[in-house]
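In order of appearance the chains are A, B, C and D, and numbering begins at 1 in each one.
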Amino acid sequence: MQNEWLYIGLFLVIGVIVPLVPLVFARLVAPRKPNRIKQSTYECGIETVGESWVQFKAQYYIFALVFLVFDVETVFLFPWALTLQQLPLFVVLEGILFIGILVAGLVYAWRKGMLEWV
Amino acid sequence: MSIPLSWYLILAAVLFCIGLFGVLSRKNAIAILLGIELMLNAVNINLVAFWRYSSPAQMAGQAFAVIVFAVAAAEVAVGLALIISVYRRRKTVIADEIDLMKW
Amino acid sequence: MTAEQIIFLLTGVLVIGSALLVVSVRNLLHAALWLVVSLFGVAVLYAILQANFLAVVQIVVYIGAIAILFIFAVMLTRRELLDKGSQTRTAWLIPALLGLLILAGLVLLIMSVPGVNKTAGALPTGLDTVKLLGTALVSPDAYVLPFEVASVLLLAALVGAVYIATAGNKK
Amino acid sequence: MTFWNDPINFIAAWLTGVLTGWHLPSALVTVILYIIGITVLIVFAMTLDIGLVWIERKVVARFQDRLGPNRIGPFGLIQPVADIIKMVIKEDITPDGADKIVYNIAPVLAATSVIVLWAILPLASTIYGVDLNVGLLYIVAAGALGTLAIIMAGWSSHNKYALLGAFRMVSNMVSYEIPMVIILLIPTILANTMSIRGITQAQSGMWFAILSPLALLIFLVSAIAELGRSPFDLNEAESEIVAGFHIEYTGMKFGWFYAGELLHAFTFGGFMAILFFGGYGGFFGLEKLSFFAWLNIPFIQVLVFLAKAMLGYWVIMWVKYSVPRIRIDHMLAFNWKFLVPLSLAVLIDTAILSKVLASQPGWLYAAGMFGSNLVIGLVTIEILRAYGRKHHQPAGVSTPSQAMQG
């Protein structure tokens, strides 16, 4: 195994432990006197109305959808950007074709009014 | 690298079968898609393991793993859009109740 | 047993354990979160295999995008199905048997392949696999066609998904 | 190799000598060294984080013509320590309907997603955690964990404000991730590497901020949006959804969201310094002169890096306390209809020019890059102006289609 990933793995483990330390410490020293009112869902001083897990606008979902496709495409441009200097100009144009297809998707979503908040 | 290739292949096979089980046994259409994701990941483990153990200078395995990523993303985007659309019309995400195509 | 093998086995247990939870827990949101754990484990496997690019892309694409989309979809369709009652079909035994059968077949197949127990040597020093991947993905004699087709596929998916998701909007 | 040239390896070599003297296996020695190094680095980051609480409060006070913390210790310096003690001894309330396990994991994950960024942050030419050859994507991957933490917090709190805040925050973060990832491609093209250290070294002669000022601006905007700071702070718009995704969190769990946000802002200031201002180096070749040789001392480099990062952090604070909040439709439209097309234009321009001008002398290369960025910027402003004239409406009436003018 490469040592750099070992380092990242250990970093992740310690990066989880460090935030846990004050939380565990707080658990030991902080008072705990729960009651029903204290643990009720917060609602600006009045009783909570209705189900808390509310239905939300589908618009959020549409943006997540557009994001997913763009995210995957742009991530795949990284190997291309990395080899740009060594390869002929022709390869740059291939990458730009790839970006062009990406733009076509954006234009479609824009034209269809997907990017409007309705 | 002291891990035999067979370990990766068996792990991938187990993951694939778990995904298959999920696809066949779950009622909820979203859960079925979750199972498909597991199966696609099993495929990717195999591709990357073969890349590493055969000839690392040949990028075929990684290149195809990249394509599988794209396929997975496309599948999730369209699949979930279909489920949301069906849910809006018929108020259900149970795969067995979505039987419009039967008639 | 070497340290590397122990790390692999721990990761394998994590991947398979959380995958089992993905297909079995009732609360779908928990299933999606367990999927995140499982996919993270797969990213660790890529890191052990020294596929650096795929390891980070696995996290960026699967955890940062696909898992988020799943969680959104679960929340959008929650109203009716409040995770009450069974989430699996009544006939779950048949898929389980089928899965085990296929698993047994696959394992037999894998073990019968000659040279499957070989281990890999270290990567040649100075081999930048990310650059190699970049070259492979855009060279005309390698994988430029699948690469461009993948982008067309994603475009088609975007157009299709956006169309389907909003088809019934403007009634 | 002396302590002053290469402190990390100097100490590491000494410790290795000590540990192998105890007949420990060499793999174990490596792990122990890593653990010591990581702990020191994280403790340093956390100490810095405590300092940032004080800086943030002092700066916001000055912006708002107040004094800020000034009671505890000289200039109120001990104030953040008092804050931490208060948060630790506060009662920790878990709301009834909460999904307990997810609820407790979320703040830890939020803090971890920021801390792991320090693994690849080069503080000086010889002081750095690890030099990953996919460093830029690693930043994006850590951001993905942060997004997940927010959606977990919002969902598990069982509170509609928390859920709404989480959705706003997540749709905001994922949307602005696209221009950010596109812009990260530009240092990749210019430096011909994805490793953070490689990018720093590539700027020893010329900052990327000069080669591509537009990329810097887009990076700054999308970084502020990723952080969820004002003007993109819809996630915790107090007047609408009270506090957003962390509404139900109390005590130290809330503290981790807060500390994570501050450290995240500083870390992004650091990445801005690394990607566009040469990080710990980038003195335009000055350090090669014998008179300025002291600029190569690692400890001086750490100070230079921290100063540059602090400057980036200060700009982020400046924006936060000067600009009012934007509506969510404006925010998303600004991203998809303005930032994404603009960043794609900058990317195509950089890709073609870096290829065409590659064999030209340095000054022509820099002038061409800078000039083309200037042209794109001017064209963009003209398009916006034309658009603004066409869609001009009386003041006070605003429609989502006007959002582009942002």
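In this section, a residue touches a chain if its C-beta (ideal position, glycine included) is under 8 Å from a C-beta of that chain, and two chains touch if they have at least 3 such contacts.
These figures come from a predicted structure and were not determined experimentally.
Chemist: With one step meaning two chains touch, work out the least steps from chain A to chain D.
Modeler: Contact-graph shortest path, chain A to chain D, evaluates to 1.
Chemist: Given the two chain pairs A-C and C-D, which is bridged by the higher number of C-beta pairs in contact?
Modeler: Spelling it out, more C-beta pairs touch across A-C than across the other pair.
Chemist: Of all the chains, which has the CA centre nearest the overall CA centre?
Modeler: A
Chemist: With centres defined as the mean C-alpha position, give me the chain B-chain D separation in Å.
Modeler: Once rounded, the distance between the two centres reads 33 Å.
Chemist: What's the distance between the Cα centroids of chain A and chain C, rounded to whole Å?
Modeler: 17
Chemist: Rounded to a whole Å, what is the gap between the Cα centroids of chain C and chain D?
Modeler: Centre-to-centre distance between chain C and chain D: 29 Å.
Chemist: Need the CA-centroid distance for the pair chain B / chain C, whole Å please.
Modeler: So the centroids are 6 Å from each other.
Chemist: For chain A, write out the residues touching at least two other chains, lowest number first.
Modeler: Within chain A, the residues that touch at least two other chains are 1, 8, 53, 56, 58, 60-61, 64-69, 71-72, 75-76, 78, 81-82, 95, 102, 109.
Chemist: When you check chain B against every other chain, which residues touch at least two of them?
Modeler: Where chain B meets two or more other chains at a single residue, that happens at 1, 66, 69-70, 73-74, 76-77, 80-81, 84, 88.
Chemist: Find every residue in chain D that makes contact with two or more other chains and list them.
Modeler: Counting only residues that touch two or more other chains, chain D contributes 132, 134, 137, 140, 155, 163, 170, 174, 177, 194.
Chemist: Linking chains that touch, what shape results: line, ring, star, complete or other?
Modeler: Topology of touching chains reads as other, fitting no named class.
Chemist: Could you list each pair of chains that touch one another?
Modeler: A-B, A-C, A-D, B-C, C-D
Chemist: Please name which positions on chain D make contact with chain A in the complex.
Modeler: My answer: residues 30-31, 34-35, 38-39, 42, 46, 84, 87-97, 107-108, 111-112, 115-116, 118-119, 129-132, 134, 136-137, 140, 155, 158-161, 163-164, 167, 170-171, 174-175, 177-178, 181-182, 185, 188-189, 192-194, 242, 247-248, 251-253, 255-256, 328-329, 332-333, 336-337, 340-341, 344, 347-348, 351-352, 354-356, 358, 400-401.
Chemist: Chain A touches which residues of chain C in the complex?
Modeler: Of all residues in chain C, those touching chain A are 4, 7, 44, 47-48, 50, 53, 55, 57, 60-61, 64-66, 68-69, 72-73, 75-76, 78-79, 130-131, 133-135, 137-140, 144, 147-148, 150-152, 154-155, 157-159, 161-163, 165-166, 169.
Chemist: Chain A touches which residues of chain B in the complex?
Modeler: 1, 66, 69-70, 73-74, 76-77, 80-81, 84, 88
Chemist: Name, in rising order, each residue of chain A that touches chain D in their complex.
Modeler: Interface residues on the chain A side: 3-4, 6-8, 10-12, 14-16, 18-20, 22-23, 25-27, 29-34, 36, 38-44, 50, 52-54, 56, 60, 63-64, 66-67, 70-71, 74-75, 77-78, 81-82, 84-85, 89, 92, 95-96, 99, 102-103, 106, 109-110, 115-117.
Chemist: Any idea which chain C residues touch chain D in the complex?
Modeler: Touching chain D: residues 3, 29-30, 33, 36, 52-53, 55-57, 59-60, 63-65, 67-68, 71, 75, 128, 130 of chain C.
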